[in-house]
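Structures given as structure tokens follow.
Both complexes below contain chain A, partnered by chain B and then by chain C.
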Partner chain A sequence: MHSLNLVIIRNSLGQVGFTVIVIVLASAAIEAVLYVALKVILKNKYALPVMLLAPAAVGLIMLVVYPVFYEFKIAFSNMSLRHFKNPSYGLGRGWDNLKLIFTQPVLKQVMFFPLLLRTILWTAIQISFHVSLGLGLAILLNRPMKLRGLYRTILIIPWAIPQVIAALTWRGEFQYQYGFINIMLRDIGLAAIQWKSDPFWNFVAMNITNIWLGVPFMMIILLGGLQSISSEYYEAAEIDGASGWDRFKSITLPMLSPVMAPAVILGTIWTFNNFNIPFFINENELETSDILVTALFRAAFQYNRYGFAAAFAFVIFLVLFIFAVLYMRATGGLKGVYEK
Partner chain B sequence: MNSNNGYTVHARSKKRSFFYRAKGDSPFKRILIHLVLVLACVIAIYPVLRILSVSLRPGDRLLSTSLAIIPQDASLGNYREVLFDKNFFLWLWNSLIITITTAVIGVILASTSAYAFSRWRFPGRGPGLVFLLTTQMIPAAMLMIPIYILAARLHLINTYKGLIFAYSVSSIPFSIWILKGYYDTIPVELDEAAMIDGVSKLASFYRIILPLSTPAMAIVFLFNFMTAWNDFLLARIMLQRETMYTWTLGLQSLQGQFQTEWGAYSAASILIAIPVMALFLFSSKWLISGLTLGSVKG
Partner chain C sequence: MKKILAVLLGLLIFSSLAMAGGKQEATGQKQTKEAVQKPVSIALWTKEGEADGGLQYVKALADAFTKAHPNVTFEVVNKNVETLREDFQTASLAGSPPDLLWTVSDHAGPFTAADLIQPVGNLFDLSKYVGSALAAVKLNGKAWGVPISNGNQLMLIYNKALIANPPKNTDELMKVGKQLTHGDQYGLVWNQTEPFWLVPWLGGFGGKVFAADGKTPTLDTPQMVATLKFLHDMKYKYKIIPAESDYNGADTLFKEGKAAMIINGDWSLGGYKKVLGDNLGVARIPKVSSTGIWPKPYTSGVFFMIPKDLSGAKLEAVKAFINFTTDKANQLEMVKKLTRLPALKSALDDPLIKNDPILKGSADQMIVGTPMPTVLEMRSNWDAMKPEMQAVLANKKSPEAAAKAMQRAAVASIKAQQ
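And now, the complex of A and B:
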């Protein structure tokens, strides 16, 4: 029991103040060096933008670039809890790690390819539900009617609630005896479900939770897209005698795609990398409910196989990267970067 | 919507409607649409109401198969327990001090970088922007491994330093994208006019661009704040001592593997979720416009 007291407050303020001062001083030093080097000595015309970028760039290099290279190095080692201080490095170690990923269980039982398939299945289920339910609700909300604002506000609540609270709460509600889903199932005379110990139902539980969480984001983005479609298209289509479905197919969907394409790719990456939901819902640590990123977390922090996990991480990143490149090739999603 | 201006709003929004022939809808169809929306709202809000319901139950009836939202013998005992017998304020303090510091640092770093990306065509600009996008694809769990090992080697475990630094940097790429998108909408002529008046490029940034982009800065501040405030993974790895727990770790500790303190957990969740949700709903219009701006331009 440690309640909040003055000692803790003073100590934490001191630590935070020190951190801020260190960051400010470090930025000032970087700026001074750059100013002298670029502006005074080289007289480079890009001195100012480089100086503006420098602090963020240094931060990103320290927190993203360097760790990724360091992780690449760890991937070629046998680092584990036992070999934490003095791991041995070598190409052979890296090859061994890579071989282990595909030939041995990644955790205790589950192999890589079933895990990959499950992750793809999870992502596909999530994206199709998010987009179809989100689009359906967005279309309904885009009509003039009473209570529209109220509906919209209530419907974004799952997005507004902190994800950790949502995940922990759903996990509680999947409890066999006292969770509301099982109570309702019993009330209508059905058998209660073992959400936590049955692999199939645990996977379903994960999916239910994340559908609940993810629909509002897609709904709001698509609603914004729908509102930007000019009504003239629909008027013209009506004169041509197009049916409701025809208008949806040849006006709404194509006009929505500039909004939908980035939302879908963002959603896919977030779902593929979703850690909280599979991690929290899977309370009994069923390996059958792990997706790639939770398996990665457990390989590293539960089994402490750092070298192996580092190699595993690069395999996961490669899978995602290939998908993203293929997707952007198909939709031209990166065009905007170079044009502006 | 009151009946006075209801007509004009109604007429205007009808023009933009997807079903242009909305006025021709039969009452049956309209009722059906409302039914679907009401059902969706119930599904959206019911789990949240359940937390409220459990938090109001007296201690001896926490485990109950009742589905009533407000229990008959509602009590605030769980709230008293959380506020006085748990480390609730300590968790909140830790979360707040870390989150506010990182959000401020994050906004400052991102705003200057976004200005450089928006106003100069320096070599490496395109690859730089693509790099920022690529960082968004790296699974958080992937970065945790080297960050944990490096933090352990540098003795940053169980310190505010490590977390503040990691959080401030981690939302920079997204913030830069949003701010750059916003700066792009501010005409360059404004900068140039200021420079004719003898103001330097840097001064035109903080005299013209910064004041004009306060809405975008607010969005980015909120994003940074929410990301750090709601994070679990990094906190879980970096903080092991209980006095350092942020609220996400604290809440998880109430929901132990074998014994869940349901009452305290629910009361704490309500106390944390209500302000966050209020802030989110209140700012949702700006948040969403910022999101679409960032993502559509990307």
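And now, the complex of A and C:
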């Protein structure tokens, strides 16, 4: 094994140094051009804001906007291993890809709609656990108590661990012979579970992992929301003789909704698109544990159906887009609490 | 403000000068013939993992080469076989592939279909390598890889401390397996997630994955059904294998002495020798009793493959490294360290191999093996077999239904690639 020595550091810097310098210089060049054009020549009053935003805008265009357009282009192609470098493009190709998504298995056996239903089920299970457990913990933490900071820190830990590492660690624990879950089950006299090869239990395993990972985020957001609710409301309600449940239903929930709605939207989109947990926990690549995004990844990178996968990606995007619009309409989630 | 402007403009001028300088340097690099003297950094992706000492061996080779040619440095990256293929395709699409691959022969199928690697016939003297190894990477009349080791076949590896004589046929296997399965010990373990472990048995039941044309899948056959049924019986009727075990699980059970036998490939021999020492035994996978045929594991080997656009100083360095790796001294070193059969003819005749019982067992298994198909259609077959084999082993599908589903999926996948 090599230890980190000066030569390695120098070589590594040598490899990335040029790129860093080019990025710095390119940013400087953009700023200079904008300055000359907007400030010196046009004397535009927005010169400074534009200059400040420019590097980020260029970065986003290169890393987000361009790939989206590129993918859109591929969606109208027959790109696959046999047509890897010179795919042919056309509206017909796009239509073919779209047709295939709904009429043929998107992977080996599973069709699009069962996959969509499973993804919705997965999202629904996750969000309901995240919100209910997260809210419960937030309410527990939102009281004067000793060592509150310590509890909060401990509860946040799952969220602070990089997701991939957490997923791989959990995967190890679902191992049949050596994982602690099966060891515990055996010790109390129950049969060990085939977490990786039994479709049902594999789905359960990925749910357990993601609940463990997702609750802290919801807890923190909701705790922030709870802390912003003035205690005056509760005092007034108490004087009026409201019970604990009344206070929760009529004060806590409505006052929390401006915080909860975006958190639920975000949580839904993240869970719907959660790649790491379903992909890494499903070590045996069971199609019965795939959700839309992991199926998308397999179609593109394991089965090399690039054109098809690009079209598939836009279908998933549309599903999420429709959900987000409907949810915001229904809840008025992004409006302030007094605007309703 | 003027000062800032001056600084910015200064930077702009400097950057354009720097970029122009960079360009000049790049064209200059192409022109020099004495490229070998310039510093060259080679990104090498290998499928060799750390557990059986393969990765350490590759790194040691790279270090030894750098010592002799200080201008050539390596960045050795380990990726498991499937990840290596996927990542190489993606990296090539993005225009930044690694400089050299150390991988298995069947990757030649997808890589040549996608036009990602170059033929090696004009770069090396291939006549010095064993013919059966080279045959595994020949497609359309060209060789697409340089062999490092020959074999890659699965075999029956056993722990002499638990079983003195390996079973000769499947009836014996089930009988002995049952006796050896008790408590947390198993008679037999193997990677139940990959169809690579199904293929030998399919051969033993007289089946093949392709028709005579070598590219029409023949997965829905009585032979495949019999094979799947046999695997299912192993788990549910005779109960000689764990309820669940992937590659690492099987490997660990065997290394810890909790499994008497394992079906694994030649790549694992080095690691097992280290753990079991003289207790390690190697034999053929037991003959299928009902047919009287020896199981036919796929044989191929490990190969260097060179990305399509590699040229200039990097290509020269890669060529030198490949010749270095496959010279006689290093091939014999590989035999010693990894217990694999060499691909170099002159190394194969060395007494080191002839006198080694493990290597003799490995070579004996290879005789009944069958060359692994390299065509792209094989990819579709693997992908189609995998979920169905798992479904049968999880008791979720009947062998008949699984065989049907395999065939359907393979045909659909081949069509999708056209």
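As a working rule, the second predicted complex is superposed on the first by the 319 of 340 C-alpha atoms of A that agree within 3 Å, B and C clash if a C-alpha of one lies under 4 Å from a C-alpha of the other, contacts with A are read in each partner's own complex, and residues count from 1 in each chain.
In this text, a contact is a pair of C-beta atoms (placed from the backbone, for glycine too) under 8 Å apart; a residue touches a chain by one contact, two chains touch by 3 or more.
Because the structure is a prediction, the values reported are computed rather than measured.
Touched residues of chain A were counted for both chain B and chain C, and B has more of them. Within the superposed three-chain model, A:Tyr303 lies in touch with chain C and out of touch with chain B [touch as defined at top]. Of the two partner chains, neither chain B nor chain C is touched by A:Tyr89. When the shared chain is aligned, chain B and chain C each come close enough to touch A:Gln15. By the touch criterion stated above, A:Tyr178 is placed in contact with chain B and with chain C alike. In the superposition on chain A, no contact is made by A:Tyr327 with either chain B or chain C. In the superposition on chain A, A:Asn273 makes contact with chain B only, while chain C stays out of contact range. Shared interface residues of chain A (contacting chain B in one complex, chain C in the other): 15, 18, 22, 177-178, 283, 301.
By the touch criterion stated above, chain B contacts chain A in their complex at residues 1, 10, 13-22, 30, 33-34, 36-37, 40-41, 43-48, 50-51, 63-65, 67, 85, 87, 89-90, 93-94, 97-98, 101, 105, 109-110, 112-113, 115-117, 119-120, 122-123, 126, 128-130, 133, 135-150, 159-161, 164-166, 168-170, 172-173, 176, 184, 201-202, 229-230, 232-233, 237, 242-243, 248, 251-252, 255, 257, 260, 262, 265, 269, 272-273, 276-277, 280-281, 284, 288-289, 291-292, 295-298. Chain C meets chain A in the complex at residues 1, 4-5, 8-9, 11-12, 14-15, 18-19, 22, 41, 73, 82, 86, 89-90, 93, 110, 113-116, 184, 192-193, 242-246, 249, 252-253, 376, 379, 383-384, 386-387, 390, 393-394, 396, 405, 409, 412-413, 416-418. Residues 1-4, 8-9, 12-13, 15-16, 18-20, 22-23, 46, 48-50, 52-53, 55-57, 59-60, 62-64, 67-68, 70-71, 74, 79, 137, 139-147, 149, 151, 153-166, 168-173, 177-178, 180, 183-184, 187, 212, 216, 220-221, 224, 226-227, 229-231, 234-235, 238, 244, 252, 258-259, 262-263, 266, 269, 272-273, 275-276, 283, 292-294, 296-297, 300-301, 306, 309-310, 313-314, 316-317, 320-321, 324, 333-334, 336-338, 340 of chain A are the ones that touch chain B when the two sit in their complex.
Of all residues in chain A, those touching chain C in their complex are 11, 15, 18, 21-22, 25-26, 28-29, 31-32, 35-36, 39-40, 80-82, 84-85, 100, 104-105, 108-109, 175-178, 192, 194-199, 283-287, 301-305, 308.
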